[in-house]
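Each in structure tokens, the structures are laid out below.
Here come two complexes built around chain A, the first alongside chain B, the second alongside chain C.
For the complex of A and B:
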């Protein structure tokens, strides 16, 4: 009961806020009922639309790369006979790091003038790359950090699944003359569908909520090139102090995430049925 | 202390008491504020923090009163301040430092006690710089003004931007300190050699960084955000031809004289580029200066000099936007905490304390400290430039919607700098943003003709 109350009350409060304008007078909150105004703000908010698009691109590209890399690593590590534990431990280090440390570390690495990446690039006689300052590259640079950060998470889920595959099925396929490529695409991956679905689901949800990497590396810039929904929400709530509209934006983001997952699930079911 | 140590200690104390009683020395001693309850101050970890910490240590030493500091990075200051003053029970802070851009939210919301409501005898000494009346609030006008408003706080630091340059390189190449932005461009032709050296550094990072640095151009070119905020006319003028000229010049200098990442350059980057010897000319906050002379961090110790910011025309004026902070007392602080905060404030604003503050690396707020012997010391070679520039200082966005307005402006300017929008498009969009904000808050607002896109 307490758990339900703790879940339901904040959501009801959020809904209440989303149709209100909240200000302060004489150090007290003053609520006024303004649903139409908040909805109009949402319709007029072109930054939110850009942020939603960037978030979609970020989620789709980052999660796709993470799943491909995570799966490849899981199959490779499962196939080695020695140092499996050591490799697994080394691979999961990025998930253990605090986001602030990750942001600071990559910001230094991406630095135009002092970063290690540009030192490597210029050592080949090339021009330094504007990793975080170019509108074309900035989102891609953040995706690289996300892939580095979260591929180990995907790897862990998929590695456990590969290790749990029935050995006799794989052996039988080998005896029947299946080559490695056929083994992976026709036996292993189909058998791993439930684990893949879990990995994709978790990662999509987390990718939609991305905040720390963007906040620390670019703050949504340059321009709106890396503006994502969580960051926009943060600015509306905390920098602009628009709590009512911020609440409506939160609900819109929750709805967008559910819609995206629903579409993804339908697409996956359609592919699976074929 | 060992027993025999007590004798010289007591003799010293007695001698000190006798000297303190004599008028000449008493005038030169620190203010006695009596025994106070411990206080907690919310303070930002900005470049001038070390100076503030040293003066707080001195206060504790001089008065025996305890001061706790909650040192917070800039991005966390607003939210910590808000949480404290909105706490229905009691504020954890007795004095909070608020960026002048955010002050209105606190004044208008009724979250701070006017200083003279806490202590009717509290006066800001006449030598203290008013810094564009950031610490006063007229609730009827909904505007920051000391003429008709109440004293809500005072500035612990008066930050303006100065022009910084590498004197050794200027001497070597026979360059002159620029008077106008065109002079900056001319110097820049000689100095720009990326990535080895950059001709002019200015912040371009989206948000507070870019809007604040662009103010140097905006104010110098005679552009304004709104027509007459003090008298209630919020007709948006940010897309005036003057503003466009200011933005075009800012972009031109950013592209021709800055690094390739001019659109993401923040304060930390700018200081780092100067410290590493890559920055030849720059505009930066006065509080950043001690970083250039810190031998542990800087490769250019003694080589960076300061001057007044460049201007639009030789006979014009520099655009000195004041980026100060304001110390205020939360309404929900305890009675003894408020009393302690007033005592600290009285002490902090004395000449002696401000002198010590400057020596520790802070930016004092008393004019007479700038006239002192400190100015002659090489360490304080920025003081003359500051003194020359401060008469032009202007507080901008002194109205309740400032957080939203600067947020919108910080984005649009950045979009123009990186080429996502043209300067005219960016300013027209900013004007639309401003207009909507003012309309929603019920201001008397309007628009001027948009710039041709």
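For the complex of A and C:
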């Protein structure tokens, strides 16, 4: 009963807020019922549409790279016999870092004048690249940071799965003359489907919530080129103090997330059924 | 056996491997190496444009400066003040909930379990406003207690999932025979189940320590000012003040990252077990 109260009440409260305009008068909240205006705001909110698109691009690109890289690393590291522990430890280190530290780290890497990356670029005689300051590159640069931060997580899950693969099956396939590539694509990947599904699900959910990296590196800029939904919502609530509209926005974001997961699942099962 | 051990590959690909592997690891660690080197670079190097080369001096005093010029000590203390009780709270609660949900059959068992699990998937967007409202109303805004309570509440869902699955894998006959002997339920939990849960508790503790320590979002939403902010939020404020003092920013980042890294190296095996167990068994 208490549980229901604790979960249902905040949701009802949020729905109530989403159709209201909330102002402050004499240090008290004043609610007025303005559903039409809130929905109009949502329709007119160009930043939200940009943010939704950016989040989608971010989640799909980052998670795809992380899964491919994580799987490759898991299979490669499983075949190292010396220093396996050391290699694994080194690969894991990025997940331990606080996002704030990661932010400073990559700002240093990406710095226009003296960042390591631009030192390398200019040493080849090329123009320095404005990693975080250009509207074309900024989102891509953030994806790189996310890949660095989260591939270890994917790697760990998939590494455990590779180590746990049934040896007899692989041995049998090898005796039957399977080449390495066939082994990977026809046997190992199908056997690892459950682990891959877990990794994809966790990463997609987290990627949709992405906040820290974007907030710390670009705050959504330049312009709105790296604006993501959680950041936009944060700004609406805490910087513009639009509580009512913010509530509607958070419901819209949840609806979009569910819709995306649903479409993604349908697509995945369609591919799997073929 | 796949993957085939690298020793059995032909010499050319073995050599390629031996070169590629260390190289890849160094590139992987480049951001970390960069920040570590910068944290020991004297300010004069940065002023004269030596951003990239070997530091002219080994400036260990950057770390002293970080602690003297900012409330870094305070931030670190706040982080411990928040993280340690949150870890203890979440782990202790989830031992109990995990035990109850895994060993007793009662109506609503599955429903309660699913509520715990579903909590993990609730987007934080939906929680941000109600949680902040609630802390304001309870007078817990900008207090360590408030942050601890919410971290416990958020982490217990994941912990319960983890603990339930772990206890389920324990031999049930052990409990049965104790029950037949007439041992009380609480004593069964305390003297039989709890000792067997030690590896899971250790794994979970490391994991939750890292999660809570590294949390930045809730610290931002629920606190303000150096008196309660943990090191993640504090570091962000400091980065704003030290705009061009890269050596201080770097040293600060290293200091903030130290506790979870040390924790990891001390309990590495548990951490990996915890992460893979929690993720694959769900």
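Convention: the second predicted complex is superposed on the first by the 269 of 274 C-alpha atoms of A that agree within 3 Å, B and C clash if a C-alpha of one lies under 4 Å from a C-alpha of the other, contacts with A are read in each partner's own complex, and residues count from 1 in each chain.
Following the convention adopted for this analysis, a contact is a pair of C-beta atoms (placed from the backbone, for glycine too) under 8 Å apart; a residue touches a chain by one contact, two chains touch by 3 or more.
Just so it is clear, the structure is predicted and the values come from calculations on it, not from any experiment.
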Is A:176 touching anything from chain B or chain C once the two structures are fitted on A? First, second, both or neither. neither
Touching A:37, do we find chain B (first), chain C (second), both, or neither? first
Who wins on chain A residues touched, chain B or chain C? C
In the superposed arrangement, which partner chain does A:116 touch: chain B (first), chain C (second), both, or neither? second
Have a look at where A:133 lands relative to chain B and chain C in the superposition and call it first, second, both or neither. first
Footprint overlap on chain A, where chain B in one structure and chain C in the other make contact: 114, 238
Give every residue of chain A touching chain C within the complex, in rising order. 3, 7, 10-11, 13-14, 17, 75-76, 78-81, 87-93, 95-106, 108-109, 114, 116, 119, 148, 153, 156-157, 160-162, 165, 167, 170-171, 174, 180, 183, 187-188, 194-195, 198-199, 202, 205, 208-209, 211-212, 216, 229-230, 233-234, 237-238, 243, 246-247, 250-251, 253-254, 257
Chain C to chain A touching residues, read off their complex: 1-7, 21, 25, 28-32, 34-35, 38, 49, 51-52, 112, 115, 121, 123-130, 133, 210, 213-214, 216-217, 221, 231-233, 235-236, 239, 246, 249-250, 252-254, 256-257, 260-261, 264, 268, 272, 275-276, 279-280, 282
Within the complex, chain A is touched by chain B residues 78-79, 82, 85-86, 105, 108-111, 195, 205-207, 259-264, 272-273, 276, 278, 331-332, 403-404, 407, 411, 414-415, 417-421, 436, 440
If you look only at chain A, which of its residues touch chain B in the complex? 23-28, 37, 44, 47, 112-114, 128, 130, 132-135, 218-225, 235, 238-242
